[in-house]
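If you scroll down you'll find the structure; I have some questions about it.
As written, the chains take the letters A, B and C, and residue 1 is the first residue of each chain.
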Amino acid sequence: MSANPHALLLDRGNLKRRNRFNRAVSVASTSAALLAVAVLLIVVGSVLLKGVGALSWHFLTTPSGLFGDTSGGIANAIVGSAIIVAIAAAMAIPVGILIAIYTTEFAPPAIAHPVRFVLDILNGVPTIITGIFVFGLLVEGNKQSGFAASVALAIVMLPIVARTAQEVLGLVPKTLKEASHALGIAPWRATVRITIPTAAGGLITGSLLAIARVAGETAPIILLSSIVGQGVLTDPSQALASIPYFIFTSSETPSAEAHTQAWAAALVLIAFVLVLNIVARAFYARSRKRMGG
Amino acid sequence: MEAGALSNPVLRARRNLTDRIGDPLLRGLSGLAAALAVVVIAGIVYEVIHLAWPAIQEFGVGFVTTNDWNPVSKRFGAAPFLYGTVVTSFIAILFAAPLSIAISIYLTEMAPQRVRRPVATLIDMLAAIPTVILGLWGILVLGPFMKDTIEPVLQSVFGFLPIFSGDPSAFGYLTAATILTIMATPIITSVTREVFETVPGDLKEASYALGATRWEMVRQVVLPYSRSGIVGATILGLGRAIGEAIAVAQVIGGATLINASLFHTGGTLAAQIAAQFQNSAGLQKASLAYLGLILLIFAVIVNVVARLIVQRGKIKDIDVTETEAAAL
Amino acid sequence: MTRHRFKEICVSKRLLGALIAALALTFAIAACGSSSSDSSSSSSGGANSPLVGAGSTLVAPLMSKWQSDFSSKSEITVTYGAIGSGGGIEQITSRTVDFGASDAPLTAEQFEEADAQGEVEQIPWALSGTVPAYNVKGAPKNLKLNGEVLAGIYLGKITSWDDPAIAKLNPGASLPSTKITPVYRSDGSGDTYAFTNYLSTINPEFKSTVGTSTQVKFPTGVGAEKNDGVAAAIGQTDGAIGYVGLAYAISSELSMPLVENSAGEFPEPGVKSVEAAAAAVSKIGPNNEISLADLPASAKGAYPISTYTYVIVPLETEKADEMKKFITYAIGEGQSYGPDLDFAPLPKQVVAAGKTAIAKIGS
């Protein structure tokens, strides 16, 4: 900065100019915020307006038609996505919370830091690479399956769940743990019956956000669960339909009806993701208040 | 748990079987979980290298600079896709960073209190939109808009520049970069916002006491204090942009050449893999895995550097939870 | 951060329970609601696991018809992913599927790779064509083109619709000066194979610069995935020309040019002209591959870019019986659905060769 750090503030009689500049910056930053909100509204608005036309009970409860047939719907995609995400969550959430327990309760800093580092790296792995990994692991030489897609999604969810769980478990007041020890409660019991329930709000938040994140993941699905049979399938050992893949393939066709179906499926997906996000944040805000954060 | 009940031999003797199993069990299980994370990451690296090996053997390091992707002559190189990744991500950050800083200033300093939370939430929602939907919107709404409106305008004003030469096209680098900007902005914004919020209030008030206007306070106190945090946030956004496969694949046109014009179709590392992996066999598939290896290295380095910067900066006690939540 | 409250522990447990119940309920409703209104096409009657196949988008319209018809007649479900011929070859090579479908016959190298896990058999099971399609405002319908012009366009030498080479073929037509945007398949495509095979036969420069394959590097143009993607790209760009499977071109209402054949005629692309092309070629290769790219001048009314499409199946497979039934159906009864979907019926000698090949499966 200049020799006198407060040179800017010396009274040089240019207050008006400074105020005007301040106003300009204020306008600019407000516009930036408005621009971002506008883009959000435009995107969500497009989905809403273009998709609502195809949205109907029939659309939601009928499986998609065969090639070129747009008379069907997304029932198989909804069920397939639900199953894939549910299995992924069942794998990732317990493991993520366990990792968080490990780093907050048991691990010496020499181990806790590398583990956090590893989670950081995992978080930064592009999902297409995760897809390649699970492809090599489960699909190559075998066949596609909803389960393989779940594994890939679980890997994507893991760092999200683990990190939020770490933060939240770390916020649980130490006095609670100390009190439980003083009362002779075994450490494991204290963790399971006291620490975790106290942190439950934050744990739920992390889990819901992770679910919202992977519900829309497409890249691994292309490699792992894209050749799907007809009708509403529920067996995860076979490839299952999914909403993101439906949107992806429908978006690349020339047919206007397929496009409308893509918008409608997008509407269902966005509604699900946004609702989860809002609920998760509400939980988070409440749990922060609770733990005096 | 060194002190406390367990050091009392009487109480310890009374621990029942469940407790005696429970402690080591929990410790073991959670340790296993942590080990699992390490195993997964190692597995990913191993598998990608394993799949890429035939291409690594065939092309060596020269692959990175080879500007060719020819399935007939079996000559593959990463250059067109590195170019595409760098160009689209660079443009995305070029616009997203200042935009995010401006938004963060708005949210932390300029906006009236009641507006802050709702607007911040809305911007975080932007990050939550699945990328395939952004891609769908890109194909059907943004693409035509770029082709019919934005690109012709750019060409009429800046057409002498090679980057704005050529025919306006719905699919290409520019459309992809725009989508990446939309994706990166909420991430950079939320981290930057957190960083701004940790600026000590007394510093800010001291600045006001000396007669600074709001903007001057921001410029003299908030921005310098947050410098490393902003850099870290930007790099985080960059990491997101680099790794995005789906939305980019939908709008970038799938070309395998380098082209100076931003209107032209192109490819990025992630998009090419997403589009071609299922279709390819043999050397081509290995080359795609090689692209994946380059992408992985790139993305991991960027992500790690970003977090290191954010943490190492003056922001020691930043509550990263909400940041992660929003950033993800 | 030392203030804390305890009573919320109970509240959060309740909320936790309620949330889990709500989520579980949602999933349950979705699963039950949709499986109860399960629509026709899946035959969950058969205890057999489905035959899973992937590949050619060219054959996909006919395949859909086969899937629904065959499953109602035999209780065997066929699952098919139209990911492109290149994908079909890859998937069957790594045995991730039970059969692959490709318009491009396997090269020697591809046979070697596919045979690594056991010998595979290649059987032609449908006959159609790859047709150029264009979208040019102000251009006449049924523009006349030939192989040289198409090669020139895809080599980037002919760049606008009013080029003299095009005008020469269409005397008297008023051609706009719009720039030509060639569209090609960016994924591994049997249509690309058929198209480049044809162009390489006609134009030596094309052969040496671009070559013949399911995936080539075109010096110019815009890439799109799958037949659908190409059709979409053509439709969105004024001045675009691309190549798609016959069925796609006809159903998408894009304009199809008339391509000059070796007899100097400009036949209309369709079942008849494809049939004429197939009738002019009797040579069946050792692996049942049949090329229709180099038609003799005596082939009248033949469409010059016709193509067979093949199923690739391993001889050793647990599903040999189902596979044999399905392919027999496809080259027999299934052919009757062809013409409505713009597929020509297989010539007799091809069906015979197919039956011989089918007999080898599972032996």
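Criterion: a contact is a pair of C-beta atoms (placed from the backbone, for glycine too) under 8 Å apart; a residue touches a chain by one contact, two chains touch by 3 or more.
What you see is a predicted model, and the numbers here were worked out from it, not measured in a lab.
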| item | value |
| --- | --- |
| From chain A, the most remote chain by mean C-alpha position | C |
| Comparison of A-B and B-C by number of C-beta pairs in contact, larger one | A-B |
| Centroid spacing, where centroids are CA-atom means, of chain B and chain C in whole angstrom | 36 |
| Rounded Å distance between chain A and chain B, as computed from the means of their C-alpha atoms | 14 |
| Sequence positions of chain C contacting 2 or more other chains | 83, 91, 94, 224-225 |
| Residues within chain B bordering two or more other chains | 278 |
| Multi-partner residues of chain A (at least 2 other chains) | 226, 252, 293 |
| Chain A partner contacts - residues on chain B that touch it in the complex | 1, 3-6, 8, 11, 15, 18-19, 22-23, 25-27, 29-34, 36-38, 40-41, 43-44, 47-48, 50-51, 99, 102-103, 105-107, 110-111, 119, 121-126, 128-137, 139-141, 182, 185-186, 189, 210-216, 218, 220, 239, 242-246, 250, 270, 273-274, 277-278, 289, 292, 295-296, 299-300, 302-304, 307, 319-322, 324-325, 328 |
| Partner chain B, residues of chain A touching it in the complex | 5-6, 8-9, 11, 18-19, 21-22, 25-26, 28-33, 35-37, 39-40, 42-44, 46-47, 50, 95-96, 98-99, 101-103, 105-107, 111, 115, 117-130, 132-133, 135-137, 155, 158-160, 162-164, 167-168, 178, 181-189, 191-192, 202, 205-206, 209-210, 212-213, 215-219, 222-223, 226, 244, 247-248, 251-252, 259, 262-263, 266, 269-270, 273-274, 277-278, 280-281, 284, 293 |
| Chain C partner contacts - residues on chain A that touch it in the complex | 60-63, 65-69, 72, 75-76, 78-79, 82-83, 86, 139-144, 171, 173, 175-176, 197-198, 200-201, 204, 226-234, 238-239, 252-255, 279, 283, 287, 290-293 |
| Complex interface listing, chain C residues touching chain B | 83-84, 86-87, 89-91, 93-94, 109-110, 113, 179, 181, 186-188, 210-217, 222-225, 233, 236-237 |
| Touch list for chain C against partner chain A, complex | 1-5, 8-9, 12-13, 15-16, 19, 27, 30-31, 33-35, 37-39, 41-42, 44, 49-50, 52, 54, 60-61, 63-64, 67-68, 77, 79-83, 91, 94-97, 224-226, 228-229, 231-232, 234-235, 251-252 |
